[in-house]
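What follows is chain A paired twice: with chain B in the first complex and chain C in the second.
On to the complex of A and B.
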């Protein structure tokens, strides 16, 4: 019995993967962007093993070396910075910090915001209402100005940057989770669970949370892009990441001083930010259609048509 | 409706007070302004005199109550950097940012109404697809990078536009261009969505059956209804524009609220930081309340409720 169960599970899983592949393949842009994001993720994870050394090795004879020539090897294909360090290696190293910061703050704000929204939506009451009102109003205040104040007070470190970014995005998850819970908790299966004597905690986390989860994930993909833009804007203003560390936003800020003599210093890191956020946006709009039962026939029918050809 | 407005105003006031408390105490954690404003070899007496004159020697909560007391009288304190009333300094910066925001908001709403309705007219047509892709691209572009790239192309290479500064028409092109990017992409999608619903509704079919010209079906019959959600989203974009203004003003050197805020924090000019936050929050919350009223006036369903 148990073996059989495992067998069907794994078969299910493989079926899921192949069907996911087909659905993804039907939307070429989403397909390309997911491949691009996987590559960037791999670079963020393993890139520092081979890029750490060339990223810090200065070579003054190569100062502001022009891009698009292979004379000095592929490492200098995108040129070199004002101290003659390879742009490619520096982009790889900066990638790690950029992804790390955005990833951590999205995870933090999604989990805390999700739990807060679940709980306040389920229990309701005055306190939940007041928290939501304040969240609404905080959301209508420019997040960049708030982040500037907070970051200036706490020493700008990776940790405080993550927390500030997570805080500014918290209301989004709280609102969404709460709205979903308010609707779900009226459904029959929740009443059934209550009648059967399930504890409140069990109802929230076993019965309601799995239904809220997909929506939160969709928002999180979009938010990852948003947080990345926020981080780079803060680093660009000089209150985000500080110099020995590197993110793409900071590289743009540093390259700004060499705009007239070496445009590539500011251009390539900004382009990386744009490509990653664009892929995330494409992927999340595709996810939104996929998870929406009213619309997801679009993806599935085109797949069938492809099969017939 | 009035009950709703009343609640809105109360919660906005609470938010402003909360912001004020948070900022007042946080800003004072950043260190002694005396270290920044007096030379390193200043004697202890002069230092003491400096902090007594500005009230920094008292406990923070005493400073806070004095500040609130002055605030009620309309006194926002004095700017350390400029030795002028803080409110005046902020009020000098407000018109700059407000004009930037107003011009870019009007442009993006007009453009969004045009592009959005054209995109909705033939869903999944070539125009729709291009506009959707462009909307995604504008949501993804880091505005500071676009600003820098624009300077690189239009000022450094082509020498068409000035790199920064305030002045005539040509000084406005790049800042406005950067500021409308983000709201435009979002608004186009909102207009497209609401126009799709409006175009497939019965009254449009009736209008067509009566032989009304297509142009007037799109831009008169449907657009009137399609505009409603735009108003709400445009309100949400007010905060986004303020965010953009911080970046645009820093890069293009406009003496607006965003630049003032960054400069005052870096120079520990407490009074100005607090005044900027209060005034900005006040303006944004007021705009949002007005948008709610405007929305109610636009939508006949709500308007009837209001009268009845």
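On to the complex of A and C.
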């Protein structure tokens, strides 16, 4: 039985990887989204090797060059900016900083906000109240004002930008996590865990957290766009990312002046922000269903149904 | 049966299916039955047998899609009501056929007062003034014996007790004097004494109004005491039908025999070990435990002892303080006063190690196996959890132990990586029992552990509990509202009412010779098969 057991387990694991493909394939939108996100990820990682030079090479004769022609090579297919630099190259270079800033701040705010919310919901009482009042204080500040103040005091750098963006989004996660915990901790399986002698840490992270995090992940994907735009607003005010560094948000902000004459300066980076957010959204709803044992048959059986039809 | 030659309601070859992700699911596979005037037909079956689906087709409330009637007819006074238009059909509902449900709280609208809701039947079906409709509702409430109906009609559903809410549902159903009343598990959520009153009311009303009654129930005793004819359903088919007497005194199908054999209260179980135990020190001792919520005592001055290897039954109706008591013993809650001693040491003076040992030796199986297992953990993780908390086994030893525990309760190891929702209620309860056994406890508190299960499953779980008690020398504190179950399992019994223990003693002494009026009332209210058959 022992060997048998080990065997089934490893087989099961390999099966899981192959079935992941099938499960992903059964939701076409999630499949496309994941391919898009992988591409964006690859661009963020390796893009600067190829695009660093054309992204900074100015060519004033190409100022606000129109998109969708191949006369000057594929680099200029999406046009050129106000200094005649390739839009494609600039989008590629900006990708890295954008994803870095948005990704880091969303992950930081989700994890710290989630943990603080879990703790405050589970322990309640004094600790819970103090944590929630901190959330209230953050929320009662207009988030941009808070960012301006912090970035005015500290040196504007990517690090402080990430922290400021994370800080302003913190209360959403704290409040959501707390509300969910308050409900889940009254459930019977938590009582069952207590009677087994489970430590509080075990109950929070083993029993309660797995039921809370799908909600938090859904919020996080929505927040991704919010953070990217927040970053662009800060950059626009001159306290975020400074040229020659680039982000999509900053590109949108700079393109604003040319909306009448060269719409593509703002449109393409804006569309990238939208596409990334949309893909994350689609993928997260797929992930939420997949991770829920009660729901994931929908993904596993829809394949069969397609076959029948 | 010959007296009433034309049936008032006849179901012919009814088949109902549901479209599901895995294909067509046949819930009802071509059943036929007849209901005669002023008679009661009981439909007996366990969960998933298709009895409620059949009723909802008759009432026209089948949720469709995904459900649809594949074939068959429902003849009301020789007209097939399935052929009628929606409008014609709606006129019949309430006037000719009415239904009452099990879950009264979710079937009454919480934002309207009950008088308004009863009066709605009149407003929908008749041209009648507001005040007249209101008066009629009040008189109906009086008929179903709601005290002080003039004032109570202005109250909202949550202000009534479960039994009273069922009375209100009955009043609504009776408003238009229907020919047929369908009662779908009308008393399942209610205490036995209340159940007896509701059933008595239904019997009275049926006679008084010359109605026909379809009584859907899983309880053979209720069917035997209330019905003229019985049909037994299993997996969408009728496996047996006939008069109450013939079905219960001479069952023909294997399934009916099995159901009858599963009825609790029939086991002549004697716990041999128990006799020797009494002289020893108790493992658990409660000393004048009182717990008050907002100055209301949920339990008051409770004293008892639990000895190793014995089964102590704790009986009481809802609100008697049983669950409060179990939470106190499990240290999920602390009492207002009093003390609980585990092996002579107060559980409130425990240090960390004492508490860990206590958590290992005292385990619990809750009533609702749907809620007591974490939906995000698979069976292996669930059963392994107590082992991980209390010992440092290697992964391999741990999974061997889990497999052994699951096999012990009759779950095969190929289910290890499945999740709780993939199991039936009975299987889930077995998993919960396996988890409780993982730490080789001395005491298992079964808080209504078999109440939510079908009788045949209930019988299996009780047999399992008896087997495990004998092989592991466990002590059970068996909390239940169902007396026959307690009779099967317990050595001693405590009867609780309004937070007080009003009677205690040896199981035979309490059941055969109850001293208190309340205990006698409880015993008389619980429906059994033999009373009717012996008549």
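The criterion applied here is as follows: the second predicted complex is superposed on the first by the 194 of 309 C-alpha atoms of A that agree within 3 Å, B and C clash if a C-alpha of one lies under 4 Å from a C-alpha of the other, contacts with A are read in each partner's own complex, and residues count from 1 in each chain.
We take it that a residue touches a chain if its C-beta (ideal position, glycine included) is under 8 Å from a C-beta of that chain, and two chains touch if they have at least 3 such contacts.
Being a predicted model, the structure only gives us computed values, none of them experimental.
Quick check on the superposed pair: does A:192 touch chain B, chain C, both, or neither? Answer first, second, both or neither.
A:192: touches chain C, not chain B.
After the superposition on A, what does A:200 contact: first (chain B), second (chain C), both or neither?
Touch partners of A:200: none, neither chain B nor chain C.
On chain A, which partner's contacts cover more residues, chain B's or chain C's?
B
Does chain B (first) or chain C (second) touch A:210, or do both, or does neither?
A:210: touches chain C, not chain B.
In the superposed view, which residues of chain A touch chain B and also chain C?
Residues common to the chain A contacts of chain C and of chain B do not exist here, since the sets are disjoint.
For chain A, which residues are in contact with chain B within the complex?
133-134, 136-145, 148-150, 152-153, 225, 229, 232-233, 236-237, 249, 252, 256, 259-260, 263, 266-267, 270-271, 273-274, 277-278, 280-282, 285
Using the touch definition up top, name the residues of chain A that touch chain C in the complex.
Touch list, chain A to chain C: 1-2, 5-6, 12, 187-189, 191-199, 202, 206-207, 210-211, 292-294, 297-298, 301-302, 304-305.
Tell me, which parts of chain B touch chain A in their complex?
Chain B residues touching chain A: 11-12, 14-15, 18-19, 23, 26-27, 29-30, 136-137, 139-146, 148-149, 151-152, 156, 236, 238-240, 242-243, 246-247, 250, 258, 261-262, 265-266, 273, 276-277, 280-281, 284-285, 288.
For chain C, which residues count as touching chain A in their complex?
Residue positions touching the partner: 21-22, 330-332, 355-356, 359-360, 362-364, 366, 368, 371-378, 385-386, 389-390, 396, 399-400, 403, 413, 417, 419, 421, 432, 435, 439.
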